[in-house]
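Next come two complexes, and both contain chain A; in the first it sits with chain B, in the second with chain C.
Let's turn to the complex of A and B:
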């Protein structure tokens, strides 16, 4: 392949393609501003994200970003190390592109009657561009800009149903907490810069390893704590999780799927990159006096416990999924909690696998809620009673999503949780592993409650036949098929994730 | 270079004591002035003292003037050109040097800026087509816009 002759910036093609598609949407909308050609717009969005997906998969298979010692083409630095394309970046670019494609297809039906179609799809693509760039950003400045590029369209997307109180309220809360956490994050960046004199991640690590940051240990520690605040917001973890239930509940359901899967994954990729590249565990601990993994151990336990217990008490399906999404952020945080001076590849790889599987099963679950909202059946568990008889295909898919989210073997969600569990045990985090098991057991209660409502309970009211919107059904079925297809495919995904984690921690 | 944090010298005054003293004086002076003037000044209540501009113009209308919402669109469009200028300036400064040097080709210096301006132009054209620069609207025009599906 003639890949090596391409200039380095082309390795960012997965992100650039998303941006290009957004521009194409603007041009389409400029040509015919009053037309309601939602099929064209949704199709372009899906095509653009599939192109991004294809390029990212191709790069990964062709060995772009794989270290040369492993037979790859080497990790590629772009724009003077401001971006880096490695396996980690490509892995998360794939997640973002997949979720964007699913959301675009599902939105075709969900946003059918909405006035601002082109705005909607271009905002989705611009947010996806930001998330894709977050995967590759390698300096605190590019990380912050990519984070803002992902966040600002998200605020607008949450409140895009302008006449809906919940949507506007959710958007406002999301925006206010987002503004606060952005301010904290950027202050953290300035403190880290003050302590180390660098913004580029490897340079920060070099300063810390040389011990030059030791006199400013307190400053550096405070900076790291504030950076954690920024990540916690983006991943909807404690202590910046307050926005999540409101925003997910108020937002159009495809946007909830988008935010809780792609945006969360993007938040995790910058957390993985910053903490493995910029703050080597042992040296940073000697500089700031405390191991930063401790913060993630606490956050992981608190986040998963809070998310799952809150989810168990919900009556509203979308809100239950929102809290379960917080719980899953807690599971993925184990990936950072388990990193130690000598190891942690397995547990970080497991967190990446979990986010990958989660990209399908959680997106699918929220898209089922989108379908229910499209039918107008209501929001609570009781309203979902007996849907299985009317729409067996979608409800079968829902059962797959729910059992996979709960971690029932042999579904994909089980394997990623199993690897997280063994990884946590290997890292010596007995308490975290125990919390994972207890919370998974608890989560089975509320996930199966939804399945029971849909399949076993008698419907409260008689309803007529339900329509079968093509886009929503297609997206749900694809998500379900992929959740199942991950059973045979789990080996390659796990290998890629662990390879990427090994390369990061090497 | 920062050994003084590890070995505090008791005979030498810490820099922060001076800063703290300065801050204390800075707070005390205005508070003291207000306190002294409160004690010394005569109290002559008078209605004209409550006017917004004492012995000045009599204000008309409310302070909360309503602006047309369309100024908001103008402000957003202004941002397009504003940001464009911010990036164009440093680029224009180095442009001639870059063209004369052999290190970068013309495409490398011109290409990114042309791309950047093109992206902004697409945005401007889109906003234009969407009616962001249409100003005066009669109530009937507003009505028809509401009726968009």
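Let's turn to the complex of A and C:
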């Protein structure tokens, strides 16, 4: 294999390819600024993200980032350890690339009348670049910069429908809460730096393990609390979840899909990396007096309960999906709540599996909303009544997404929740496991309500035939096929996730 | 007398609290942006003071990055506030309420 001769920075290729494609889009746009060649632009975006996906999968299969003791090529440090490419990084780069490709294909139809096509697609790719770098960032500096690279284009993307009041309002709220939380996040970084004298994750851990952290007392704990605030914003969990319903509802639906799947996964990967690498549970607990998993136990229960109960009361489909996305962030937070001094591989791996499955089923669900907006059928459950007769393929895919999100066996969403449940029990979090079961049962109510609306209810008004936009249909069908294909493929995905979690916690 | 690192931390915490107070009380989107800038600069004071205290440069370098990112954030934010004004004829953040739940 020629892979060994490649320099270390090439292991960041999945992220670099996304950045390169964004630059290619700029070139295309500067050659013919007035042309509205949406096929070329969407195609380039999809090709770039598929290339990124292919390279990431290839690296993962070739053993890049797998520890040498497990027969891999070793974890690779790039740029003086500012970035690290391991299984965790590649796993999340795959999620980001998949979601970006689906969103690009779906946007071909959804954004076809938009004036600023090239800007739209390059912003998507730049945000995806930031998310991909977040997966590999290994110091608080690169984490913060990658996080901002993901956030700034996202603010612009949410408010890209410039004459649409909902889009501007969603973008404004996303930006205001984002700016506040990034200020809190960077202040938390400065406090952690003050307590330990380092920004590199391993060096922070080394200082904490040596018991030399925090000569003043309190700074480290406060800093960690503020870092949790930053992660909560990016993953749309309590207490910084207020932006999510507004931004997802106001944004163009493909962007809602992008933010709720890829951006959430990227937020979780930095949370996983920072808390497993920089703040070892036992030593940090003795330094600050509290076990940080306690914060995540509370946040997980509150987030999933709030998200699901709010989703159950919604009348607007997109808003229901937005709240359900908050609920799913609560499920994934169990992955951090279950980490303990000697274990937690299963529960963290389960959270990664959940984010992977979620990348398909939730993107697909939001893309169905995009399709409904493209048809112009309206936004509430009643407006969706009887769509199954007009568009059986898309509505069948919707049923798959909904049942997988609810966690009906044997779909992928069931298996990741099952592993989260057993992992939580193994970690002794009986209350969290009970909250997971109760919330999943509740979520079945509002997910099946949507399926019932499209398949069983009579339409409120008689409709003419609905068009079949190629891009949106292709993206929805691919997402549905992948959600089903995860049944036989769930074994390898689960193994990779648990391996990555084990390597992180070792 | 010498100025110890704890004085810098007190200053930065005061600045952070002023910024947070501004965010919680001001309704003008531009004042909101200025308050966020105060909070970011509070973090910069911390980073530079701690870089001096610990005797390494990574905090100072990170402060430079933070300033650049703050500028980029303001650029995007002003764009969104401009859109806000065009659509709602106001920069009051409590005016856009088309999606209240």
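Methods note: the second predicted complex is superposed on the first by the 502 of 506 C-alpha atoms of A that agree within 3 Å, B and C clash if a C-alpha of one lies under 4 Å from a C-alpha of the other, contacts with A are read in each partner's own complex, and residues count from 1 in each chain.
The definition used in the following text is that a residue touches a chain if its C-beta (ideal position, glycine included) is under 8 Å from a C-beta of that chain, and two chains touch if they have at least 3 such contacts.
All values reported here derive from a predicted model rather than from experimental measurement.
Asks: For the combined arrangement obtained by superposing on chain A, do chain B and chain C clash, or do they fit?
Replies: Aligned on chain A, chain B and chain C fit with no clash.
Asks: More residues of chain A in touch with chain C or with chain B?
Replies: C
Asks: On the A-aligned overlay, A:184 touches which partner chain: chain B = first, chain C = second, or both, or neither?
Replies: second
Asks: Could you say whether A:141 touches chain B, chain C, both of them, or neither, answering first, second, both or neither?
Replies: It touches chain C, and chain B stays clear.
Asks: Contacts for A:165 in the overlay, against chain B (first) and chain C (second): which applies, first, second, both or neither?
Replies: A:165 contacts chain C only, not chain B.
Asks: Under the stated touch criterion, which partner chain does A:27 make contact with: chain B (first), chain C (second), both, or neither?
Replies: The first partner, chain B, only.
Asks: Taking the C-alpha centre of chain A as the vertex, compute the angle to the C-alpha centres of chain B and chain C, in steps of 10 degrees.
Replies: The C-alpha centres give an angle of about 20 degrees at chain A.
Asks: So, A:7: does it touch chain B (first), chain C (second), both, or neither?
Replies: Neither: A:7 stays clear of chain B and chain C.
Asks: Just the number, please: smallest Cα separation between chain B and chain C in the overlaid arrangement, in Å.
Replies: Once the two complexes are overlaid, chain B and chain C approach no closer than 8 Å between C-alpha atoms.
Asks: From the superposed pair, tell me which chain A residues show up as contacts to chain B and also as contacts to chain C.
Replies: On chain A, the residues that contact chain B in one structure and chain C in the other are 216.
Asks: Help me check something: in the complex, which residues belonging to chain B touch chain A?
Replies: By the definition above, chain B touches chain A via 1-2, 5, 119, 122-123, 125-126, 128-131, 148-149.
Asks: Any idea which chain C residues touch chain A in the complex?
Replies: Counting only chain C, the residues touching chain A are 5-6, 9, 12, 16, 19, 23, 29, 32-33, 36, 39-40, 42-44, 46-47, 49-50, 53-54, 56, 58-59, 61-62, 65-66, 69, 72-73, 76-77, 79-81, 83-84, 86-88, 93, 96-99, 101.
Asks: Name, in rising order, each residue of chain A that touches chain B in their complex.
Replies: Touching chain B: residues 23, 26-27, 29-31, 33-34, 36, 113, 115, 215-216 of chain A.
Asks: With touch defined as at the start, can you tell me which chain A residues reach chain C in the complex?
Replies: The contact residues of chain A facing chain C are 140-141, 144-145, 148, 152, 155-156, 159, 162-163, 165-166, 168-173, 175-176, 179-180, 182-184, 186-187, 189-191, 193-194, 197-199, 216, 219, 245-246, 249-250, 310, 314, 319.
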